[in-house]
Amino acid sequence: MTKIAILGGSGYTALELLDILLRHPAAEIVAVTSRQEDTPALADLHPRLAGRVDLRCQPLHADRLIARGVVCVFSCLPHGASMAAVPALLQRGVRVIDLSADYRLRDPNVYAQWYRESHHDLAHLAQAVYGLPEIYGEEIPTAQLVANPGCYPQPAILGLAPLVAGKHIELRSIIVDSKSGVSGAGRTPKLATHFPECNESVSAYNVGQHRHTPEIEQALSDVAGEPVEVIFAPHLIPMNRGIFTTIYATPHRSFSEGQLLELYRTYYARAPFVRVGTHLPATKDCAGTNFLDLTVRVVRGRVVILACEDNLIRGASGVAVQNFNRMYGHDERTALL
Amino acid sequence: MTKIAILGGSGYTALELLDILLRHPAAEIVAVTSRQEDTPALADLHPRLAGRVDLRCQPLHADRLIARGVVCVFSCLPHGASMAAVPALLQRGVRVIDLSADYRLRDPNVYAQWYRESHHDLAHLAQAVYGLPEIYGEEIPTAQLVANPGCYPQPAILGLAPLVAGKHIELRSIIVDSKSGVSGAGRTPKLATHFPECNESVSAYNVGQHRHTPEIEQALSDVAGEPVEVIFAPHLIPMNRGIFTTIYATPHRSFSEGQLLELYRTYYARAPFVRVGTHLPATKDCAGTNFLDLTVRVVRGRVVILACEDNLIRGASGVAVQNFNRMYGHDERTALL
Amino acid sequence: MTKIAILGGSGYTALELLDILLRHPAAEIVAVTSRQEDTPALADLHPRLAGRVDLRCQPLHADRLIARGVVCVFSCLPHGASMAAVPALLQRGVRVIDLSADYRLRDPNVYAQWYRESHHDLAHLAQAVYGLPEIYGEEIPTAQLVANPGCYPQPAILGLAPLVAGKHIELRSIIVDSKSGVSGAGRTPKLATHFPECNESVSAYNVGQHRHTPEIEQALSDVAGEPVEVIFAPHLIPMNRGIFTTIYATPHRSFSEGQLLELYRTYYARAPFVRVGTHLPATKDCAGTNFLDLTVRVVRGRVVILACEDNLIRGASGVAVQNFNRMYGHDERTALL
Amino acid sequence: MTKIAILGGSGYTALELLDILLRHPAAEIVAVTSRQEDTPALADLHPRLAGRVDLRCQPLHADRLIARGVVCVFSCLPHGASMAAVPALLQRGVRVIDLSADYRLRDPNVYAQWYRESHHDLAHLAQAVYGLPEIYGEEIPTAQLVANPGCYPQPAILGLAPLVAGKHIELRSIIVDSKSGVSGAGRTPKLATHFPECNESVSAYNVGQHRHTPEIEQALSDVAGEPVEVIFAPHLIPMNRGIFTTIYATPHRSFSEGQLLELYRTYYARAPFVRVGTHLPATKDCAGTNFLDLTVRVVRGRVVILACEDNLIRGASGVAVQNFNRMYGHDERTALL
């Protein structure tokens, strides 16, 4: 049993992580931390867990986690807070899967530009592996620090990787139109996510300015070996969970849908959580799962890729466990089917 | 044209009121007040109103409203704040329709018990008329201060009035089970009304402790001429607007459904906004309207009354305009059909 | 009073049309037809209308409508059925606003290609005016037959018209990504619109194959004076009403957002139902209204236009009344504010 | 490994059952039957299962199931169809967990009265065990035929059992007010469950006439040892899954909430899936689980019990697996946590 701790236990990604890890045959949750002063029981914070777990949240102390045998930590802290807490753990030899954005962007200037604060932990930033298993899977087993990917980047990156890898499309004119459920905005109440404000409504937000843009571009540039640019427009949808991403790309030559499907199926032949289908996907079919569903269409010579996922599982906590499985040599699917 | 002002322009009831009054042929909105310092344009606070109204919010000054010719004020302030603002207006001869709870409960001790603060304006409390037109309609034309009824009390009171008036049911064992959309909780973001917390979920809250309980009992006791008690359980439903109330009562003698429908139709023969039907109602059919729909069933000798309304219109701003129409001698339905 | 009739009274667009026309000071609804054999009361078909209208549906007989004084008909029949019923009315001098697709596409071959049946009424097709008032407004007052536009085409056409009119963008690479509420699919139950199948889910459908594609292209080609092509991808959103359309276009030269907003405001200076704003719109703010809200953004040199509407009102029944107002010389906004 | 088959694979309960059983370490799904002629792949019927199961549906032939080693069958057939198919399996020694209503009501006259058809399999009806493990748990291990309980009856029965067992309440005046998500209505499209008809709406249906009424009464009468009667009013809520049941009972003597909680906790001390809490429950917290959450309140001397569950899991497929676990000697919680 690998003894693990979860930092920042009060939000939605921590709840999903607990839900998955409680079923994991090789992980033992020994601590969950929270900045809340009253050390609430997890079952009070998350009534869904009542009857399954008896832990109370506790303040974060690196040494105490070590003393309890913790060797791997999942950080569900917000960005900024994560890079304040993670270094002490890494220095003590703990392995970290960080669900925040703090270690995702290799270039600290890009981080500063999009997150409007300087990066404080350049040493570890340089070692971090971007935890998208289908692209960076080889580096994950030996990583000490995995920067778990954002929710929007995954369908965008995985939806484009086969075309970008083969340089089949123009790399500077890619359009990524995403539709996300509201849980992606986190658990802190705000007017924009107040029920009567977002129910029965669709809206766009942060068009061209969303922080996941550089993350998408970094990974696709890695795949391409040259700079890739996307126009990214996220939309808020009145549902709890799910992201549906529609991607429009201009191919360098004519493709049939059959050729494209073949290309995608080959590319993802060993990826158990990427399902390439012929039908147009729907978020309901991957909700509650770690699958990322996708298909392709050709319209007036353009390639349209349609990809979807559960933003809390595949988009956060599920892929974190997928990374954990790779880090500790388990079957990638353990606790995820 | 009656010059009117709205106090507290940023919430949902103010938005509905504006929407209705902008269509009213005999009302002119000359001012909307808000405690927000920056005097926002109404169209910025409520983008739905863009292109229909050019007013900006302004701080509340009684004399300035008088100077602008205001003779009638709708107060959408929260309870407590309303009884702080309303007296100055009443003293200047302005008529007030108060959408808060401040003037609804005749007995200030009952107010203090349920709202956990003392009542500060006993003088005007004594003059207030409870603005439920189907019951207190005769007193409204001459009232200076109308205490607009709460959202839950209306289907409860109007659903029971015909039976209570005729003393056809036991008055101490009435069960009122209500299901409300989330807009009833107001526009201030809270965890309980954060989209992912209440979407795809039903919950009960304040069972036996909701502040609308004494309001229901006061009106029904007026109708009965003796004390009436209800067991009131409100529930939160994942929809924006609408209240559905299911009432269970024990009749003193056996009734057929036909007899009950006849009783209800006679009772509401002159009430244009109460629709007594034979089919089980649904909130969608009165959403966006000032109608209150109801029907009755007899099950194992019990009477089950099913009533519904739009909580923001019939339950607040629509009935406020219905009261305004009665106060100023207009057809009760003006601007409401 | 203009005596009007509505053909096909059982669906959602008929309900909205009734709701609006019952408030219209210059229109009198004298008949509503339905193919249902039992001539149901409108208030039974649409309980929302109870207490407002006493009409029963009746079978469609052109002569009877004439005998009752009908001079204008709104057809809410499905495509195919509409062009079977409309000719007899036109031949008797009745003016027709057809909400179906039957008279929208000028070229009967295009109709046959997309609707998979031949057009049966070529004579009247040639006379039809496409009823998008902001583009074809001059032709509407004298039209006998107005082909009311589809729901998706309106935000697409009006979102692009200012740029297309000035030839500011590439006309063959326009991407239109639309998100629609479920009422757009009509009132006939199907698995795809069964509540548990589409609630809590986003999906795409008919990507590159939706019948509104040629309608968008026809109108934009009219505006441009040369062929325009769009890649159109519609998506189904778990809400009742509203369409949000995100358009991506490649400008011929660099524009600032300020320049674009100025361009749009000038173009729509006399269009009371097009609201050009600076904030990103949301469907909730135009739900229940005839407004079409839009704004523009510039992202990496691309122009992104964001437009939304209520699909049943602006997208169907509201714009039909706007056309009616123009046909009969009323203020365009009558009954629509 | 126990070889099992599922009859009627196209609906929601079959999907949930597959989802659970695919995780069960001691069950092997060897066949799924469907009346659809084209033997569709399960992953086409239920795209959520893609990548997890390769089975195709097949027609139901009892002998073929036997030949493939099937020893236990879950029937997800509709009522009527189930009692036509089940006898042949029972006669061949197969054990059956029937999710339909066919074997739930001990008295065939009651069945005929509520289901409006005669019962065709009286022999097996007499042997059936009602599969509510918390009440009839002792009989399940040896049962050949388990009549899996309905969705509504479970929170009603388990919410009342501790009070009824001790004869603490009046047994003829119990009110059960239930609120259910739409998946409870099954997967066949109907107008009442068409998205725009039930979204953003609450309605009541079958008040006093719902078929689960006699099932609730039968089980509670068993617990009481004398006849129990309920007034049962179900309501349709715009969400996919979840039932929230509010029960109003008249106690014979005064109880405090603390006393009642103690009573409930003692009664359910060995029931791992009944969570007795102090907070008011919400369906979101048991959605996706086999837990039934409940608490109690005392209001004006009445007892109010609030209970909720996931209607597809606890209310159908989860409790079916709980029964399977008891039948085959597994830990009751296997595959359900």
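Note that the chains are named A, B, C and D in the order they appear, and that numbering of residues resets to 1 at the start of each chain.
Everything that follows uses one rule, which is that a contact is a pair of C-beta atoms (placed from the backbone, for glycine too) under 8 Å apart; a residue touches a chain by one contact, two chains touch by 3 or more.
Owing to the predicted nature of the structure, the values given are computational and were not obtained by experimental measurement.
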item: Pair joined by more contacting C-beta pairs (A-C or A-B); value: A-C
item: Taking each chain's C-alpha mean as its centre, the one farthest from chain D; value: C
item: Where chain B and chain C are represented by their mean Cα positions, the distance between them in whole Å; value: 36
item: Centre-of-Cα separation between chain C and chain A, whole angstrom; value: 40
item: Approximate Å spacing (C-alpha centroids) for the pair chain A, chain B; value: 46
item: Of all residues in chain D, the ones touching two or more other chains; value: 181, 197-200, 238-241, 281-282, 284-285, 287
item: Partner chain A, residues of chain C touching it in the complex; value: 173, 175, 177, 179, 181, 197-205, 207-208, 229, 231-233, 235, 237-242, 244, 246, 248, 250, 280-285, 287, 297-300, 302, 304, 306, 308
item: List of chain B residues in touch with chain C within their complex; value: 22-23, 47-48, 50-52, 200, 272-273, 275, 277, 279, 281-282, 284-289, 291, 293, 337
item: Complex contacts: residues of chain C adjacent to chain D; value: 12, 181-183, 187-191, 193-200, 238-241
